[in-house]
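In the two complexes below, chain A is the common chain; its partner is chain B in one and chain C in the other.
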Partner chain A sequence: MGNAIRYIALDKLTRVLGRLSEILDVWVPTASEEKKRLVRFMPYQAGMIPELVEQSTLGPKGALLPQVESLFRFIYEKDPDDASHKRVELEDPVAPKPTLIFGVRPCDARGFLLFDRVFSAGPHIDGLYGARRDLTLLATLVCLEEDAACFCSSVGGGPADRQGSDLWITPIGDGYVVEALNDRALHVMDLLEEPANELQTAAATKVQQEAAERRVGNLICDQSRSNFLQRFDDLNYWQQMAGQCLSCGICTFVCPTCYCFSITDELKGMRGERIRSWDSCMFYTYTLEASGHNPRPTRLERYRNRIGHKFSYIPEKYEGIIGCCGCGRCIRSCPVSIDIRKVVENLEEKAHACA
Partner chain B sequence: MHVLSPYRPDLATVQEVIQETATIKTLRIVFDDQKKMQSFSFRPGQVGQLSIFGVGESTFVINSPPTRKEYLQFSIMRVGEVTHRLHQLNHGDQVGVRAPLGNGFDHEAMKGKDILFIGGGIGMAPLRTLLLYMLDNRRDYGDIMVIYGARSPRDLCYQYELDEWKAGGVNLVLTVDNEFPGWKERVGFVPTVLSEESPMPHNRVAIVCGPPIMIKFVLFGLKELGFDDEQIVTTLEKRMKCGVGICGRCNIGSKYVCVDGPVFTRAQLNEMVTEL
Partner chain C sequence: MIGWETGYDTLHTTPVFIKDSSEIQRLVWNPFCAQNLAGYLVKSPIVPRGEGSKKIGICVKGCDSRSVVALIQEKLVARDMLFIFGIPCRGVIDLRKLIPNQTGAKILSVRLTDDQVEVEHSKGLQHLAFADVLMRKCKRCRYPDPVIHDVLLGESVLPRIESHELYQDVAAIERLSLQERLAFWQTELDRCLRCYACRNACPLCVCQDRCIAETRDPKWLTQYMNLPEKFMFHFIHALHLAGRCTECGECERVCPMEIPVSLIKEELNKITKELLDFEAGLDLEGVPPLLTFSPAETGI
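So, the complex of A and B:
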C-alpha cells in the first residue's frame, strides 16, 4: 500500500478532521477548557483543538465501550384484553455509526486488542461491541516520548507497535505522515490532504525506526501468573502493596484494558432502558451479594483481584495475553501513589525465597 | 439493526405461582414464543436470569428437569430488590428470561452410580432438577438418597411432591433444626443427620447445596465418611450481571461462576484460589 501514504501539514489538521467528520464520527484527544491538564477523547467538533503531543489522561476506550450505553429499551403497555396486566416490548438500541478515533497511542490500541478478545472471540459474543468495533478505525500515533510511568514494551507493546491499528500517523516536525495499515482504512485516505513526498516519507521512516528501537519500561512479567498465585494468600503482601488504597476506582476508570461493567435498569413511567455502564472491581458493592455476603470484602482482596485479573487470570483464559497495556495511567492517576509495576515486580521475591 | 446481543432476554409469561414458604415462591413460566418453548433444551443445574424490566435481573437455577417441558420452574427466595418484585408476580404477568446459562451437572458421568443429595433450605432447588431428571431416567441410576433440611417444617419447599420422590424410589430423610409440634421426621442439623445416616462412599456421588455454613460442615462430614473430592459436587452462587463470562464480577480466580460453573466438584474448587 505504498501509494496510500499521505501528508497532513500541522495547519491543515483541523480542516482534515472537519472533512473526515462529514462522513464518520471522529474522536480526538482534546484538553478540557476549564482544566487544561485533563486530556480526553471527545467527538470532534469544529473549533476543537486536538492535543496530540501529551498522552491523554483518559484513553479512547469510551468510543468503543461507552461509559453508559443502552443495551435495549423496553416499553410497557396495558394489555388490551386484560386491564390487570401490562405487556412489555423490547427494542434494540440505536445502531452505531462509522467512527474514526484520531490520535490513539499504541498502548490504547493494545487495550482494544484485549477488548476484541473478551467481547468478540467467545465463548460468548457481544454483538453490540462487535458492531461498533467493525465500524471503527483506529488512527494511531507513533509515540515519540514516554514519561516515568510508561512501560508499554514490558507488556508486549512498544512506541511503534502497529498491532490493532488501521491508520499509522507519524509526526514529523511540521506535520503528520499517514499510512493505511489495512484495506479498512483506504476509503478515508483520499480525505487526508496531499500525498506525502519522498522527503516526508523518509523523515517518517526515520521517526518510526527510532521509536521502534526504544524499549519503554523494564518490568519483567512472564512469570507473573505463577508468582501471583503463590502470593495469593499472603495478605501481608497485599497489605504492604495496597494498604493505602482508597478504593476510589480511578485506576480502573483510566485503564485502557479495564472493561468490567454493570447492568442496571432505568424506568420512567411506562418506558425504560437496560443500561450498561463502566464499573470498578475496586468498589465494595461490585461483588456484594443480596444476602450481605461479599467474597471481596476489603480493599486488599479487591486490589489483589485487579492484579490477578490482569497478570494471571486474563493470560490463563486468553492465550497468554497480558491484561495491561503499560500506558501508566493508573500510576499517574493514583491519589496514594500505588505503582502497579512495583506490585507485579515484588510478586516474585517470595517465589525466590520459597525455592 | 439486529445484532447478536447476549443481554437481550426472551419474553415469558408466568403460568403458576406456588408459595413454598414465607419467603420462597416458585414461578412456573413459559416462553411467549411457542417455538422457543418447544426447542428449548438445557442440562440440569444450568441457570437463567429473570428480568423485571425497570428493576433488574437476577440469576436462578432452572429447577424443573429438562425431561418435563411444559414450563420452566424457578424457586425464588425474597432477599433483595429483584426477588422482592418477582414475588409480586401473578399468573399472566410477563418476565424476561435469559437461559440456559452456565455448565450444569454432569449427569452422564453419574450414570450407574448411587446418588446422595444433601440440600439445605433454598439449596434444594438446584438439586431438584437433577433429582427429577434421575427419577425420569430411573434405571440409569442406583440407590438415591436425599437428605433435606430446613429450619422448621414450614421452611421445607416442594412438600406437595415429596410423595412423588418417594414413589420414585428415593430414600428421603427430612430434618428440621428444632422439635416442632406434629413433626415426625428427624430433628437436627444436616451435617449431624449425615453422620447418623453414614452413607457409604463406594460408587456414590454426593451433590451438596445449601447455606455456606451447612456446606462447610457437610464437606467435613463427607470427608470423614471417606468421600473423595472428585465424588463431591456442589453448585455455587455469586453476584452476576452479564451471565456470559464478560462483565468480570463472578470470578473465582480465572473461573467465572456464570460460564465455568455454577457446578463444580470439590476437586475443582481445591484447584481454585481461596476467594469464595
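So, the complex of A and C:
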C-alpha cells in the first residue's frame, strides 16, 4: 500500500470527517465538555469534537451490532375473505449504509474479528450482521499508551495489531498519518487530500515500531481452556473471585467481544416489530426458562459462565480465538472493580497444586 | 465479615468476604472505599442468613449505615445477626474528577495526605484538593458518623452541610421551567443503557431478579432503547424507593453513562421530608411512610 499514505493535520480533522460523512456514515468517539471521561462512539455530526486520545467507555460494537435492531416488521390484517382469519404482512428492515468507524483501537478491531467468526463464518450465517459488516470499514488508531487495566497483548492482540482493520491511523504530534491496509480502504483514502511527506511517514514508522515493542499486560492464559473446566464445580473459587459481583450488565455492554442478544416481538395493536437487542449473561433472565427453572440461579454461576464463555467455550469452538480483547473496559467500569485478569490467572493455581 | 480490600490499582478497592481470621490483613480503609456493602446482606448468595448462622460483620461508612438501618426497619435483615463496624467518614473520592492535567496521561498511583490528593501520572505529578474531588453525595453529607454500630473505628466527623442545605441540588432543578427540566432529563436519560447497575447496586432493591422492568408476563417495558422506556424504568425504580432511599449515592456512582440518577430519588426524599417529616434509615423503630398506613397522618 506504499503510495497511498495521507496526512490529516489536527486542525483539519473535523473538516475531513465532515467530508467523509457526506459519502459514508461515519462513527467517531466523542466526549462532552462536562463529562470528559465519558467517551462514546456516535454518528459524526458537524460540531462534534472527536476524542482520539482516551479510550471510549463503551466499545464501538453498536455500529455493527446495534443495541436494538429490527429483524422485520409485521402487520396483522383481517383476511377480507375470512373474518376469523388473520393475515400477516412482513416488512424487511431498512438496508444498511456504507459506514466508516473512525478511531477504533486494535482491541476494538479484535472484537469485530470475533463477531465475524461467530456471525459470518458459519455454520449459522447471520445475514443482517453480514450485510452491515460488508459495508463497514474500520479506521484504527495505533495505541500510544496503555493504562492499569489494559492487557491486549495477553490475549493475542497488541497496541500495533493491524488485524481486522482497513485503515491504519498513526498519531504523530500535530496530526495523523493514514495508510490503507487493503483495497477496501482505497476509496476512502481518495477522499483524503493531503499526502504524507517523508518526515511525517518516518515519524509514523517510529511510533508504530515503539507501539509494536510494547507488551501490554502479563496475563498468561494459554491453559485457561482446560483450567477453567477443572475449576467449574469449585463454587468456593467462584465465591472468592466474584462474590462481590452485582450481576448488573455493565461488563457485557461495554465489552467489544460480547455479542449475546435477545429476540423479542414488540406488538402494539395490530402492528409490531421483531427486534434483536443486547442481552447479558449477567442478567437473571438470561437463562430463565419458561418452566421457571433457572440453571444459573445466582451471580456465581452467571459470572462463572462469563469466564467460561470467553476463555474456554469460545476458544474451544472457534479455533482457539479468545473471547476477550484485553481492552480493560470491564475492569474500569465494574462498580465493584472485579478484575477479570485475576479470575483467569487464578484458574491456573489449582492446576499446579494438583500436579 | 464484609469489608473492602485493595483493587487492581491504588484508586480502586473491591468488596471482600472474609471467613477466616488469617485474612483480616486484606482489609483496607481509605477514601476509595466507595462501595456500599449493605446490599450484600440481603442480595448475596454467599452471606449466610439461615438459623444458627454466624453473625455477619460489616464495615459501614455513615451513608452505608443508614442502608443497614433501612434493611432492619423493613425486616429484611435482623439486627442481632449483625456486628457493625462503623467508620466515621471524611468522604469518598469521585474517580470521575481525577482527570490528569496533561492530555493522554495515565494515572499510575494516588497518595493521600490530610487535605491533598497527590496524583502520579505518566507525564508528571499533580496535586488536587481533597474537597475538590469528593463525590457529590459527600458534599451534602449530614451523617458522616455511622448511625448504627457495634464498634466505632476512628474519630467523629462533622456533617458537611446544615440540614436546610440538604436538597440544594434538586432545588436547582426545581427552579428550571418545566420545559427546561424535561430537556435536562431527556438529555441525561437518553444515555441510559438499561444495564440495571443502578438497580443492582441499590441496597434496598432486593427484588432485582424479578424486577418489573424485565418481566415478560405481563410485559411492562419493551426492549426498545427509547426515551419512554428509559423514563419508565427510572421513575418506577425511584417510586419503589420513595421514602426508602437512604441517599447512599451508589446508583449515581455506578452508572457507566454518568447519569445523575440519584437526583430523582433525592427529589422524592425532599417531598417525603416536607410532607411526612421522615428521613429513611435513621431510626431503627421507624417505618417508611409508604409501607404503612396511619389514619392520624397529618402531612398529606
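The working rule: the second predicted complex is superposed on the first by the 352 of 355 C-alpha atoms of A that agree within 3 Å, B and C clash if a C-alpha of one lies under 4 Å from a C-alpha of the other, contacts with A are read in each partner's own complex, and residues count from 1 in each chain.
Everything that follows uses one rule, which is that contacts are C-beta pairs under 8 Å (C-beta built on N, C-alpha and C of every residue); 3 or more make two chains touch, one makes a residue touch a chain.
Fair warning: this is a prediction, and the values are worked out from it, not measured in the lab.
Overlaying the two complexes via chain A leaves chain B and chain C side by side, clear of any clash. Judged by the touch definition given at the top, the superposed model places A:Lys317 against chain B, while chain C stays out of reach. If you stand at the C-alpha centre of chain A, chain B and chain C are 90 degrees apart, rounded to the nearest 10.
In the superposed model, A:Ile338 makes contact with chain C only, not with chain B. Contact with chain C, but none with chain B, is seen for A:Arg37 once the two complexes are overlaid on the shared chain.
Contacts of A:Thr264 after superposition on the shared chain: both chain B and chain C are touched.
Once the two complexes are laid over each other on the shared chain, residue contacts for A:Gly130 go to chain B alone; chain C is not touched.
Figure legend note: chain B and chain C, brought together by superposition on chain A, show a least Cα distance of 6 Å.
Residue overlap on chain A between its contacts with chain B in one complex and with chain C in the other: 262, 264, 266. Across the complex, chain B meets chain A through its residues 1-9, 11, 51, 53-58, 79-81, 83, 92-94, 96, 212, 237-239, 241-242, 244-254, 259, 273-276.
Against chain A, the residues of chain C that register as touching in their complex are 7-9, 12-17, 35, 39-40, 44-46, 96, 99, 103-104, 106-108, 122, 191, 193-197, 199-201, 208-210, 214, 216, 222-225, 250, 253-254, 256-258.
Listed in rising order, the residues of chain A touching chain B in the complex are 71-72, 74, 76, 82, 84-88, 90, 92-95, 118-119, 123-128, 130-131, 229, 232-233, 259-267, 272, 274, 276, 279, 281, 286-291, 293, 295-296, 301, 305, 308-309, 312-313, 316-317.
On the chain A side of its complex with chain C, the touching residues are 35-38, 40, 53-54, 57-58, 67-68, 144-149, 239-240, 243-244, 246-250, 253-254, 262, 264, 266, 275, 277, 280, 283-285, 298-300, 331, 333, 335-339, 341-342.
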